[in-house]
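In order of appearance the chains are A, B, C and D, and numbering begins at 1 in each one.
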Amino acid sequence: MKEKLNVAVVGATGIVGQQFLVSLDGHPWFRTTRLAASAKSAGKKYLEAITDQATGSVRWYCEEKIPEYALGITVEDASEFNFKDVDIIFTALESDIARELEPYYAKEKPVFSTASAFRYDEDVPIFVPGLNMSHASMLQVQKRERGWKGFITPNPNCTTTGLAVTLAPLYERFGINSVHMTSLQAISGAGRSPGVIGLDIIDNVMPYIPKEEEKVEKETRKILGRCEDGRISPADFKVSCTCMRVHVKDGHTESVFVSLKREADPEAVKKAMRAFGREFTDLRLPSSPPTMIVVTDDPYHPQPRLDRDLHGGMATMVGRIRPDESFPNGIKYVLLSHNTKMGAAKGCVLAAEYLAEKGYI
Amino acid sequence: MKEKLNVAVVGATGIVGQQFLVSLDGHPWFRTTRLAASAKSAGKKYLEAITDQATGSVRWYCEEKIPEYALGITVEDASEFNFKDVDIIFTALESDIARELEPYYAKEKPVFSTASAFRYDEDVPIFVPGLNMSHASMLQVQKRERGWKGFITPNPNCTTTGLAVTLAPLYERFGINSVHMTSLQAISGAGRSPGVIGLDIIDNVMPYIPKEEEKVEKETRKILGRCEDGRISPADFKVSCTCMRVHVKDGHTESVFVSLKREADPEAVKKAMRAFGREFTDLRLPSSPPTMIVVTDDPYHPQPRLDRDLHGGMATMVGRIRPDESFPNGIKYVLLSHNTKMGAAKGCVLAAEYLAEKGYI
Amino acid sequence: MKEKLNVAVVGATGIVGQQFLVSLDGHPWFRTTRLAASAKSAGKKYLEAITDQATGSVRWYCEEKIPEYALGITVEDASEFNFKDVDIIFTALESDIARELEPYYAKEKPVFSTASAFRYDEDVPIFVPGLNMSHASMLQVQKRERGWKGFITPNPNCTTTGLAVTLAPLYERFGINSVHMTSLQAISGAGRSPGVIGLDIIDNVMPYIPKEEEKVEKETRKILGRCEDGRISPADFKVSCTCMRVHVKDGHTESVFVSLKREADPEAVKKAMRAFGREFTDLRLPSSPPTMIVVTDDPYHPQPRLDRDLHGGMATMVGRIRPDESFPNGIKYVLLSHNTKMGAAKGCVLAAEYLAEKGYI
Amino acid sequence: MKEKLNVAVVGATGIVGQQFLVSLDGHPWFRTTRLAASAKSAGKKYLEAITDQATGSVRWYCEEKIPEYALGITVEDASEFNFKDVDIIFTALESDIARELEPYYAKEKPVFSTASAFRYDEDVPIFVPGLNMSHASMLQVQKRERGWKGFITPNPNCTTTGLAVTLAPLYERFGINSVHMTSLQAISGAGRSPGVIGLDIIDNVMPYIPKEEEKVEKETRKILGRCEDGRISPADFKVSCTCMRVHVKDGHTESVFVSLKREADPEAVKKAMRAFGREFTDLRLPSSPPTMIVVTDDPYHPQPRLDRDLHGGMATMVGRIRPDESFPNGIKYVLLSHNTKMGAAKGCVLAAEYLAEKGYI
């Protein structure tokens, strides 16, 4: 039994920070010892920090209860908190604040972030656990080049995760020419400050999510890219997306059309997907799903409400795998990925588990 | 001023029949003189026929009021009603009943149907008003071959309509290699017997609609096809669809990726779409939109709740027109079409107006 | 034919301001000549003022189109605009700004407001058109006491309107001991800055709306009160409310339990409700419903989505009228009132029509 | 450690039956050995019985996975299955079938039912676990009078449960004059055959649920009644309800206004509610919540989506406890009860646990 690592959660009072707290509740390897947030929360016990003083209402947004351990921690100011005695920092910050604070932390400590601030830097790997942990070699490059003792690794955009996971086995086995993806994204992906306004989504679809498509197109290729000469060289296929918001709480559904380099019938695709990531899941990391991709033959699945929590929200479910005769070696399918679990805080925790297991932390 | 034509609505008590009644309310050319439904409604006044006797509840499902004219009509039995004195029959029947009854009507009268029963017969044109009214030449073939005085013309599946309308100008101007479409369909498209069950769609997406994709793929090519040698020869491009149900009442949103035969930048596409169908809309038929396609540059549109009723639900709105670099001469966009107006009863009425105007009726 | 009155709309760029613009579109008596908003909109044409410059997105939130007339008007700064040449000012301001600006306008002009700032002042009548227009006598008191040429009259809270309208005939005919009301309020009642957050209302009920219950309890009694000695003396019955938010776009549903002073069976209640307000509706004011209350015997109504737009959203629908044996002379029913039509801007316009007709303006 | 009891679930393929299977998964005292359903499922393994043969779709409707144990059981015909070797029968039948089959089972075995068929028989107790288990004395009466070895005990209507639980401590401590309740019920309460139709509930409230109000009014008084002379004599206060359906998946919210016999301030009410049922919860039965009622001071709670799963859906949450000055000794509050957990199958299982513990089985 290893000794537990101490971890801090920065941005702990917001919705993503709360998801970190839940992901770390009862964690067998990580002990949450510090919580940080903006100056106005500093000095307050966690429960007080999330309680509206006027009404006594507790601003806790997860279906899971507030973890007991958090109640006793006094929140510190993110811009000056004492992180010397922690081993890992998880950050749930807005991108502009992340850009400022994360390097300050990374000088000393490993930083796992849900912000996009550093995602597109050439020496920064975007981990999708079970897919591209080989990119961990970039961490040495990053440390060396930046003169840091720690490092920054952001998770991908929540819409990228499921797409990248399902393309990985196809890319590996059959090669990919092009990808056309339409997303039906859950409202929790936008957070709640204010996130998606009720009047905008009731009986409605929002056909546009600013910057989302660019992120998915760029990140997918980077995640599936190769580390060469101290740089991540993006995968060479093309990705085209239309990203929309639908009336679903959690779970991004994506309709994917892929043109493969080599012919593959649906059965071969299913086999490749089912086999994918076994060496990773065999590690049985605490937050790992037992299998990366769950393939279903039931045409009425995946459905976000019924399937998003499969394997703790950490598996990607794929259904409706069919040939697509409209382009060469075409395959089409529908995937579902939990945007606030595998696609956010809990995905970061899983990446940290891997790096801890492999001695990077 | 022409004399009004007498029309009958068959299946008048159901939700699609009710939409016919609304579409015909105050119609300047058509006078609804007969209503027919199943035997159990026969002999009752319309209001009584749609009233649940146990509770006194009126089973009327349109936001519009019950048209006054309908209240005074006694419903007849669809399988034996007297349609000698009507000029047009609109039918809103389940497909299996349509298969039986529509030929019986068509022996004598023009039949405009929302059922799919005859859609795929070679001598049966599927009209999308403003798009392929030239297929009217098939009506003569159909009459001659079947020995009918009337004819049958079904409308397309509601998901096909918006796709076909927006592809038409692209096909005409630039040619089409392939189409990849993902639909986010409204629940009203499934009717209410029971249609979409509440528990299946709350906080959810249904990733499968039986037979829908096959219909859209087949109908789109037929609608954009050419009449040759007394047959409709389908358009030669490929269509691949994934059809899903989302939590929206009315209005089908579709994410479309098209590979054109010739290069076209977004501005050229917008211009072609805006110009499309002008000779049709210039006829100023009573149910016609002033323009077939409304193109918007606002990235947050089209939205089903805000835009579906544009021009009485008869225009198709297109937004987010962008280049798609993932395949040759690629263009992508999002469209919105009202599935129970242009995509159903009111679309049939508009087709009938055209054929009446042009002397086919 | 009278000459049209010139009107200004203040707060014209927000959602309530937009509802005023729609309510005034094509108005036979009122001509909208001035629009005012915050300083940052001042000097811009209306369309520009509501357009997001970054994306080109038009922030227009009504299902109705933007009225043509508004497009040509240059927005002025609400704190210093020139209202000399207008006859009526409609304001759609946040309460704190209303408290400051409305008296400034009222020194000169009649002000109809949707803000609660002055609702509880003793010399300020809260009009529910068709119900308590006799309170217009207070306007003279207000003018005299405050030394104004104009006056301020706020509309009630949107939840109060339907309750007051339905209680009025009961109070008049049978007397009221007590009222217990539970509201199921639409999300549009909270506006969109941000109003109800999507994550708070999807698959949910919010059991609390700050200050709402106090407003309803107080306003209902004031509206049904009597003008005595230059003051409005509130009605003497008790009102107890629980106000909740439900997943409905427009239309507040209210479940009401009333203990009457004198016995009344459901038929007598229906009769009183149907007869209510006839002298007002007989005026046939431009925005008036043909009847104040529509009573239905269909137990499945009122339903917000199907019934809210009845008579342009200006009638209150009442259903499920039953005896309530749990208290003396008990009656219970369900009402539906359109919170953004009769319950907001359009209700103000109707009040202004009445006062114009009667010579108060 | 006691030996496990064998239990059968009848109606096992439907949604309520599935909830029984989930409630019994991993149960420490009960072992599910037999499943029964209609004749058309008989002879099939459970998974096959719920699989649509045409599409391969599995008709499983719980968020929880299908329990492993169920997969191996062959479904029997409910009208002739062999229940000799089971100790308890849980039934999830439509009321008309329940009326026929339950007495046939009850001749030999204890029957716990979710059907209303026998609820109103004088010798049939309706158990709300933790509230009226003293009514168990009626079981002897029932057995003796009907000549059965077993007995029938139905659970209450799901809307009654939360109301009865929260009224019990008030009735006990302060006495009750009258109750006025408005329910905002979840759609899962209507099942899915078809249950609530999507088109009826999107952006809507349904103001009527047939027979619901009568059930709640009658059952509440029976549950809180006393056993006297071999009969249950109903509680003597009056209950008046308006029951509505809202757009929520699970969890019935109820707005309650109570007139007590003796004065009680909100703090006294909270204290009584918090203390309620301790002798029951102290038994620590497997499905029991740790406390019957959870009282919150946060005005924004209870919310169905966030709070319904509290304590496995077995606790009733109460918030917004306030004085109600509109009637004598008035108190008002909002409650939330999980309609498919405590309010249905799992509530039956908990009642069975109690009766097993106390030797009635």
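Just so we're on the same page, a contact is a pair of C-beta atoms (placed from the backbone, for glycine too) under 8 Å apart; a residue touches a chain by one contact, two chains touch by 3 or more.
All values reported here derive from a predicted model rather than from experimental measurement.
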Check: Comparing centres built from CA atoms, which chain ends up most distant from chain D?
Finding: B
Notebook entry, point to check: Any idea whether C-D or B-D has more C-beta pairs in contact?
Noted result: C-D
Notebook entry, point to check: Which whole number of Å gives the spacing of the CA centres of chain A and chain D?
Noted result: 40
Notebook entry, point to check: Using CA atom averages as chain centres, what separation in Å is found between chain B and chain D?
Noted result: 46
Notebook entry, point to check: chain C to chain D: how many Å between their CA centres?
Noted result: 42
Note to self: Two or more other chains touching the same residue: where does that happen in chain D?
What the structure shows: 55, 61, 202-203, 210, 247-249, 299-301, 305-306
Notebook entry, point to check: Given the complex with chain C, which residues does chain D contribute to the contact?
Noted result: 178-180, 182, 184, 202-208, 210, 238-240, 242, 244, 246-249, 253, 255, 257, 259, 299-306, 319-320, 324-327, 330, 332, 334
Margin query: So in the complex, the part of chain C that touches chain A is made up of which residues?
Written below: 55, 61, 187-188, 190, 192, 194-203, 210, 247-249
Notebook entry, point to check: Residues of chain C touching chain B in their complex?
Noted result: 55-58, 61, 63, 202-203, 249, 297-301, 305-306, 309
